[in-house]
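Supplied in structure tokens, the structure appears directly below.
In this document, chain identifiers A, B, C, D and E correspond to the written order of the chains, with residue numbering beginning at 1 in each.
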Amino acid sequence: MSDKDIRIGVYICHCGENIAGAVNINEVAEFAKNLPDVAVVRDYLFMCSDPGQEIIKEDIRKGLVNRVVVAACTPRTHEPIFRRACEDAGLNKYYFEMANIRDQCSWAHWHEKEKATEKAKQLIAAAVAKARLLEPLEDRYVELNKNVMVVGGGIAGIFAALDLANAGFKVYMVEKNPSIGGNMAKLDKTFPTNDCSACILTPLMVEVANHPNVELITYAEVESVDGSVGNFKVKVRKKQTYVDWEKCTGCGACINACPPKARVPDEFNEGLSLRGAIYIQFPQAVPKKAVIDPDACIRCSGRWFGEEPRRTKDGKPILAPCEKACPTGACSRDEPRDPNGELIELNVGSIIVATGYKVMDKKQFKEFSDSPNVITALQMERLITATGPTEGKLIVPSDIPKYLEWKKKVEKGKEAELEARKPKVITFVSCVGSRDNRYHTYCSRVCCMYMLKQAMLLKEKYPELDIYMFFIDVRTPGKDFDEYYMRCRNLGIKIFKGKVGGVQKLPDERLLVKGYDADLGKPVELISDIVVLATAIEPNTDLKDLARKLGINVGAEGFLRERHTKLYPVDTMTEGIFIAGCAQGPKDIPDSVAQAKAAASSAASLLAPGKMKVEPLISEVNPEKCTGCGICVELCPYGAIEMVEYNGKRKSKINETLCKGCGVCAAACPSKAITLHGFTYEQVVAQIRTIAKKGVIEEV
Amino acid sequence: MIEGQEEGKMEEWEPNIIVIACNWCTYQAADLAGSLRYSYPPTVKIVRVPCSGRVEPEFIIEALINGADGVLIGGCHPGDCHYKNGNYKALKRFELLKSVIEEFGIEPERVRLEWISGSEGLKFAEVMKEFNDTIRKLGPNPLKWKEINSV
Amino acid sequence: MISETVSETLKEKLKFGLFLGCNIPFNRPDVEQAMRKIFPALNVEIDDLVGQSCCPSWGTMPSVDVVGWCAVAARNLCLGEEKGIDLMAACNSCYGSLNEARHKMLNNPEIMNKVNEILAKIGKKYEGKAKCRHVAWVLYRDVGLEKIKESIKYSLDGLTIAVQPGCHFLWPSEVYPDKEEDPFNPKVLRELCKALGADAPYYTKLIDCCGMGALRSTNPEKSFTLVKEKLECIKEEIDADLIVTTCSSCLIQLDDAQERLRKEGKISFSIPVLHYVQLLALCMGFDPQQVAGICVTPRDEIIKRILESGKR
Amino acid sequence: MNKFILAWAKDREIRKRGQCGGFVTAILKFMLEENIVDYALLVKKGSNLEYSIFLTSNPEDVVDCAGSVLWATPNIAKFIAEYLDTNEYKIAAVCRPCDARAIVELAKMNQINIKNVFMIGLNCSGTFLPATLERMFETLNIRVEDVEKVGIKKDRFVVFLKDGKVETFPLEDLEKSGLGRRENCRRCEVKIPRMCDLACGKWGVIEGKKTFVEICSDRGEIIVKKAVESGVVEFEYASDENVKIRDELENFALKMSEKWQDYYFGQMSSMSYEERRNYWFGMFERCIKCYACRDVCAVCYCNDCILNPWRLLVKGGEIPPSFSFHITRAVHIAQSCVNCGQCQDVCPVEIPLSRIAHKLNKTVQEIWGYIPGIRLDEKQPLSRAENDI
Amino acid sequence: MEVMEGVPPVINLTEVARTEKEEFEKKVSELIIEFGAENLLACMQCGACASICPLARVGFEWYNKKLIKAILIGMKEELLDDSTPWACVACNRCTEICPRQVSPFEVMFAMRRLMVEELAISTLAIEGDRSLYEHGHAVYMTGREARKKVGLPEKPPTTDSDEKALQELRTILKNTKLAELGLIPME
């Protein structure tokens, strides 16, 4: 028997039938009664219910118990509830331990009732064994830095930043592109209201850029993140723009000067057109500044930054065309520029990750042919929008080069006839890469709606167009969405339940589409001028890297994983880091905005008090036992351990605001001088021994 | 001993398996397996630790010495550790421990390290079944037998 | 009178225009006779609506032109409207066609106008007041179950009835003046049968189509597979003593097809089929020859049983 | 300065007393005299087969300790870590390879401040336990009193008698009959202690009383230079021939170790799991839990060892202790074991502890490529944080 | 009239669209809407109508759901050749349950009307109309004996016994599409 006065209360939950249906509660209760130091054993239908908690509180108040073991469901969801109950009744809440006899026992062994009962006994015995060794702990507080970093300047990032900035928090918005705006800036209209994307987005871009509490750091990426909630130390690398942004006015003179040889596919137009090596991301860019793409630049003056210009025979320097064109000298190549850009260090209390998504390239889908007239939906978006490569004129994509030539002539005041072909038939194909085990098993969620939107916009503008849409099934959940679908049907757009399995090029660049109509149960064929693939929304390529830097999780599908699908949808496993928008999973604009605002408010409510309660389940060094070998120092993932002088000797010491309680140090310490509170060596070993001995608790 | 008798005895014998699971992945996977009603042998009992990096070789030694027939450490997949890289550290300790027990004549198959993420409920159940089969084939923990015999 | 509410109808003596349709007067005149017997006895005045025509039935004008359909229907409705009374039909098709036409006219002024343009040529105008009521609803709602119970001389104690309300008794519920509380679990006909002392239990295929009408004329084989399913359900689930319908089409289909299926060896049972008005007339003691004299599936035994053991 | 030199003491007396020209003695004396170090740590021969660890600040004492003693197995590293505050004093220590490796390991663990430990390493092809040596003399019909010193020359055990005679015997034959070098020495895989500042020995010396010195560190070079400048030491650069011979001898010794490793480890590996259990548990049943193996271990350093009875793992008063005693100890030392053989030497019940520790360490070497005690800047695998799998 | 069991093995939508555009004045869907199925386009092919359709149950090819789909695609020729709409019992259960208020029944009947207009029906289908015109009754049997047997006058008080009323009815019919189409001889 232990010397201390330990009175353990064991509370067994039936969880309705969930536990009682497989575990013989009476037998388990009888067993528990005979465990050492157990003073009270009770069972109840729902231990977590109010009356259930009251049973525990009553026993504590009456002094019957001073350690609580609840045998119920998983501590991952219910430990906090019961801890609070203990606290309410006046017991240190760390005198609580849980045995998981539902999720890990009754449910898993539903058809082996006897064995489930046996296992439940052992699990309870292990919990009791641990409970005997529990120690009272006090919550601690950490000071919080009230700045927030928002990673990603798309619609989600913008809203998160604005909400926080308006609430008085300083926000650093880090965007990897030269301009904020994200994918939404590429869209023509937005469902379900069909309002112009630019019209609703650009004012917000300006607002966030001009907000006194927001600091934009565009063309920049997160390099490293250290520290933890309340005290993140972030290094952001601002990429080299090769243009002096202080001087650049965004006039665009340089863009036209950039020679044709230096043209590369324009990312903003999804590769439908070309841009120069020096470019402004798009006309409405914020900040509207030019950057030079060093990979695309052909150094046409034979000069790079910091190099002496070559000179003409009469000694005049030969300048690069962009340099020459720039009215403010922002493009000057006189000074050398560090290709690595600039490293900016930020101290923030919280981080919101809203890095968005990318759409799958059509290249991987060989079955839909390599024709330029098979395009992704995002390309279609660029094709129909007035800011797109064709100024919204609908022509087949294979004729865009013709269009651009024609436009050049017209701009130069020449007369010319545009010979581009206008499509008569457009086919939409859904679930390209989504709901497909070869690519992504998830549904990309917005494709049905944006396909309907594009079809609707097209049909309204060009009623003579024949539009065919192939869906595995149409998913238009929620308010206003099915009504939108209805509108589309009423426009006479032909909708098929069934997937397109093949698109074959015809000699005249038109496309033979092979689909299936589940309604008639027949294969169908048609000739289409354009085929639009609703390619899947997928995580950005570098999302995993970013997640690793941030120490947050990525799901099997590659998106950032939220702490809990239902209850903590914008939280991550790392406290203080929140997620919003498509980085978390495919979603539409309203959902992204809602999530962004949720993330902002989560960050705000976390930081507003200025300090935060932290569970004391962290490690502590016993300096008497510590031999100062320092293994722990290097192993600590949070740099929380340092060597300090103690009685003239070097000993390790843990910084409790940095420690997250992983226990790596405790495990590594050869003399076990480090204790991880809540999971001490003695506690874990007591559990292990008890289970190893099949429920027999060994006296120590 | 007559062969048949031994076999009969073996049939009655059920392995005793301890899983030391990290709170963020494998423990969650076990919960998920339960909530999806994937069944696995009830011989498996889980001890929760915050991170696989918390697992000390002594935990495994204690489990084996005190009679567990198999010990499985469950952690997050490489790169997914909630504590950045505790799982890598766990792996090293585990490899060392495994070679030690092997040298002393305890079948290394009695200890196993698995990366099971929180969403892999099915994998959890499958790994448990497989591990249970492995242990069943190996038979009772010889340490336990030795101790009992020596009494 | 043309009524909007029950309470209104109670104020005065009940009066309806007896809309016969085609099947009843030419094919099953015993149903007509039954109505002519029971209603006066129940103190309901009936008007012959002299000059009435086909409703028009589904295969005729409804299949050609909506306005034409409505015009023919409107002329029939006018016959009642002119006298300030509603029509009353014992044929579901008539009930459906007339009410659906009325519904179209009331909801589409364009149709109404076109119809009245046509009607004007014969000096008529339909204002949309008169409608067609179903005999079953008149009996249930206007006459009332109590009065029916009082009026019968023979009770059906111990008999099990399979009811067949028929499609146009139920849907589209939107167009009908009277509505079952739950058209998918209709009660009116069951209540009416119970008022006669019989048991009228639910069975699975109670609301299913009998397969009459266009289906039977287009493809009798397929039509009979449908009715066979229904008959078998009646036999197996409730082993009914008789089938009671409120539709002349259903009456003919269930009665005719049964005999035919039996001859072809596809079924081995025989369940007499009656229109509800016929059953009521029998219970009220009218001459079976007159009110239930025409059938293919024999009724003698059941009539005998009613008259011998049902006397109150 | 060239890495390889042949050096000797200038002082005649020292040259005479020292084994190979008295270089080591001269250097140590010089360092004390010049106050480069506070203490010199060396081994002093006693009468017959006795010896002691000798710590002195007096330069004159050094000369008394001249000459190598092959039956001396001092636990130099442990001695330094345990009794000397290397943050306070500067020490020059004479070490065999295993001592030096242990010092390096302990330095990584912050138990020795290696900045203050100047290591003069001695090449080593093995040592003898005094008891074994006694039995060997008995077998070989040699009186202990007549023995001046013993040595190993390639595959021969050499006995120098006081009367000036030299007798040699085949080492392998002796060892096969259970005599010869300590078991760990037979398996030893580091013959030249290059982790020291100076690695000294007679290998590669063709003629005359000279010491072949490999200068392994900058400070080693400085000391030698100073000693030469001060006229304490004289030297010549080693010729290619010298170096070649030394390499050959080292390789020969390593080959011999390889053979012994194959022999011992092969034996262990060839056992089935059951045989291993029976073997080791049989051994462990003898254990009287005297803790000598732990106490003597050169790479153990905890203040409060978890094998202490109050640390929960091992029950007090239980003999033999639970196997977890041995398994835990093995886990704790496996990555750092330098195969010094101390544990096995001290075990009163003769459990071949060093054999299993060394074998386990070989596994660590295989998995992580980590050889303990070689490079100061290379952390032990379990102390490294990088994400390598 | 033969019931056409089946649809072409592959439906060539381009050909269907071309035929619809080039060979007909109006789209089938437009016609069907004109003929009374106003909510045709709202159909989302959920199939509820087919689940309770007697025609689908007994194996007709172009039951309500499929008929609507074919119309939406623009198939016309295939549909005109088929008799399914004429088998519709007009039970209207589909109308009751259609979530989009398409009234598949109305589509069926609009299809009948289209077929009538295209004269793509057999003479049998117009027998009813002829009878209606001639007697005022679609179903007209002499049946006098039966009426007498049950004690009723030989002729019911309908157009059958009322020449003036019959003439009224004929006047009405002459002013409908029935006359325009010339389906039946009218004096």
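Here is the rule we use: a contact is a pair of C-beta atoms (placed from the backbone, for glycine too) under 8 Å apart; a residue touches a chain by one contact, two chains touch by 3 or more.
Since the model is a prediction, treat every value here as computed from it, not as a measurement.
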Exercise. Using the contact definition stated above, find the chains touching both subunit A and subunit D.
Key: B
Quiz item: What is the graph distance from subunit D to subunit E, where chains are linked when they touch?
Solution: 2
Self-check item: Reference subunit D; chain at largest CA-centroid distance
Solution: C
Quiz item: If you average the Cα atoms of each chain, whose average lands nearest the overall Cα average?
Solution: A
Quiz item: Greatest Cα-centroid separation from subunit A: which chain?
Solution: C
Practice problem: Name the two chains that are joined by the greatest number of C-beta pairs in contact. | Solution: C-E
Exercise. Would you kindly tell me how far, in whole Å, the mean C-alpha position of subunit C lies from that of subunit B?
Key: 76
Quiz prompt | Averaged-CA centre spacing for the pair subunit E and subunit A, given as whole angstrom | solution = 57
Exercise. With chain centres taken as the means of their Cα atoms, state the distance from subunit C to subunit E in Å.
Key: 23
Quiz item: Distance-wise, how many Å sit between the C-alpha centres of subunit B and subunit D, to the nearest whole number?
Solution: 40
Quiz item: Which subunit A residues touch at least two other chains?
Solution: 635, 637, 668, 672, 681, 685
Self-check item: Sites on subunit D at which at least two other chains make contact
Solution: 306, 382, 384-385
Self-check item: Pairwise chain contacts under the document criterion
Solution: A-B, A-D, A-E, B-D, C-E
Quiz prompt | Of all residues in subunit A, those that touch subunit D in their complex | solution = 624-631, 634-635, 637, 643, 650, 668, 670-673, 681-682, 685, 700
Exercise. Going by the contact rule at the top, pick out the subunit E residues touching subunit C in the complex.
Key: 1, 3, 35-36, 54-55, 57-60, 83, 86-93, 95-96, 103, 105, 109, 112-113, 116, 124-125, 128-129, 132, 136-143, 146-147, 149-152, 156-160, 162, 164-166, 168-169, 171-173, 175-178, 181, 183
Self-check item: Partner subunit A, residues of subunit B touching it in the complex
Solution: 16, 18, 20, 23-24, 27-28, 30-31, 33-35, 37-40, 42-43, 45-51, 53-56, 58-59, 62-68, 76, 79-80, 82-86, 89-90, 93, 117, 119, 125
Exercise. Using the touch definition up top, name the residues of subunit C that touch subunit E in the complex.
Key: 20, 22-23, 25-27, 29-30, 32-33, 36, 48-54, 56-68, 71-72, 75, 93, 96, 100, 117-119, 121-122, 124, 167-168, 170-174, 183, 207-209, 211-215, 217-219, 222-223, 225-226, 287, 289-291, 293-294
Self-check item: Contact set on subunit B toward subunit D in their complex
Solution: 57-58, 61-62, 65, 78-79, 85, 88-89, 91-93, 95-97, 99-107, 142-143, 146, 150
